[in-house]
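Every chain is named by a letter (A, B, C and D) in the order it is written, and numbering of its residues begins at 1.
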Amino acid sequence: MIGQEELNRLLLIAPFHQWLGLSIRSASEDGIEIGMPWREEMVSNPAISATHGGILASLIDLAGLYALLNAGTACTSTADLRVDYHRAATPGLLIAEGRIIKTGRRLSVADTRITNNEGRLVASGRGAYNGA
Amino acid sequence: MIGQEELNRLLLIAPFHQWLGLSIRSASEDGIEIGMPWREEMVSNPAISATHGGILASLIDLAGLYALLNAGTACTSTADLRVDYHRAATPGLLIAEGRIIKTGRRLSVADTRITNNEGRLVASGRGAYNGA
Amino acid sequence: MIGQEELNRLLLIAPFHQWLGLSIRSASEDGIEIGMPWREEMVSNPAISATHGGILASLIDLAGLYALLNAGTACTSTADLRVDYHRAATPGLLIAEGRIIKTGRRLSVADTRITNNEGRLVASGRGAYNGA
Amino acid sequence: MIGQEELNRLLLIAPFHQWLGLSIRSASEDGIEIGMPWREEMVSNPAISATHGGILASLIDLAGLYALLNAGTACTSTADLRVDYHRAATPGLLIAEGRIIKTGRRLSVADTRITNNEGRLVASGRGAYNGA
């Protein structure tokens, strides 16, 4: 297991992750938790300041990948991604919890749930990641 | 049909779409084409300057939605999204082509293909969108 | 909540569910468990007698739907389905556990895991179901 | 390219494909077309004799795989599958058209459309298949 501090350093190598303002909040064998603050450029619908579905898809993509990396699973890239949108993500901190479903030599799968600052489910989904 | 100019205006109401630097390149009944320039903050892997999978997911999400809106289909939000990643998106203009698969009162479906400036397929996928 | 006996009766109204030899093994607010015995006509690859991916997709589709119906969620049909295949399903009883992720007026989402008689994960996936 | 006759022979090695009554109707480099007659045991909702979503998922799974095999792409099994249901499949011949999207050493992707005997789209979806 990589652990929170080193995982945070790896996460922020990606310029897009810096732009998203991400930080690892916890990292264990069971999974990881990543926080993402709201920022104005993330908005899709300005009438309700809702965060764009593509930003939520990004969170699901990366939280699953880093849950696998944290557990020592060799993954290089995302093969495919599936996202369900459950309610609008209005301004506030979002939490993405990534959890490993299956590790494989070729393909590993992880699920991610995104909750808002009231603990309500905003989006959830799954990534399949290519082995190294 | 809404047409290219008005569709471009609608597209850029979203602050995230402005940040992505999007522009409508064509819009017909068959579908629409959106261009997206590369920018450094979009990068996932700095070793090859590859655009983040979440940015590509955003393009697939929005190109399908605007293909439906252009054709006059009433859609309010994305219900779910599926993306396949075919090759790394290194710096250069990306083109997203959105094409309607099925319109429905409750749910409409559109497919999007993203190609790079050599015309090669970078990612492709599908969104299901909630009716108004 | 509908409960195991009545849910079993509803499940077996479908001729295809009878052909699959399904039975409800448990049904609670948290979710349901359905058993499916192996039969020769289900096989895809005769070299290893592995059950066809479409049969596993059927199980994921229906276990999610009946988890929602058991909890009193009004659902009429499947809107879309996603399945990940983790290992070959060789002959033996398969167990499908359906679990509700989100209920909605228009669309409800449920996850299903399929395990073999050694308790190993064979396939998993998600359905989105249309509201009544 | 394998061609229609030999592809049909390969298709029917699978006992489940025999049960489904499948036959290859055409096979070219662009893709393949498979016909499936209705049978009573396939029904989900007996009130309208609609074919079960799992049967349609099976068709999408296998039509994509055989489109790849026909073109000489080495594929061994389905990695993941996604299906959208567009309208009820009432009794009558269904046609599944499989079309290659991307071939890869590790993962290949193919899309399938299912139409009814009035030529209307019943379901559509995509499989990702593991390389040999």
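Criterion: a contact is a pair of C-beta atoms (placed from the backbone, for glycine too) under 8 Å apart; a residue touches a chain by one contact, two chains touch by 3 or more.
Since the model is a prediction, treat every value here as computed from it, not as a measurement.
A.B. asks: Name whichever of A-C and C-D has more C-beta pairs touching across its two chains.
C.D. replies: Counting C-beta pairs in contact, C-D comes out ahead.
A.B. asks: What's the chain with its C-alpha centre farthest out from chain B?
C.D. replies: Centre of mass proxy via C-alpha means gives C as farthest from chain B.
A.B. asks: From the C-alpha centre of chain C to that of chain D, how far is it in Å?
C.D. replies: So the centroids are 21 Å from each other.
A.B. asks: Report, in whole Å, the distance between the mean C-alpha point of chain A and the mean C-alpha point of chain C.
C.D. replies: Going by mean C-alpha positions, chain A sits 28 Å from chain C.
A.B. asks: Scan chain B for residues touching two or more other chains and write them down.
C.D. replies: Residue numbers touching two or more other chains: 79-80, 82, 84, 128.
A.B. asks: Which residues of chain C touch chain A in the complex?
C.D. replies: 82, 84, 86, 101-102, 104, 109, 121, 124, 126, 128
A.B. asks: Under the definition above, what is the set of chain A residues touching chain D in their complex?
C.D. replies: Within the complex, chain A contacts chain D at residues 79-80, 82, 106-107, 128, 130.
A.B. asks: What residues on chain B touch chain A, complex-wise?
C.D. replies: Answer in residue numbers: 13-19, 40-46, 52-55, 57-59, 61-62, 77-85, 88, 125.
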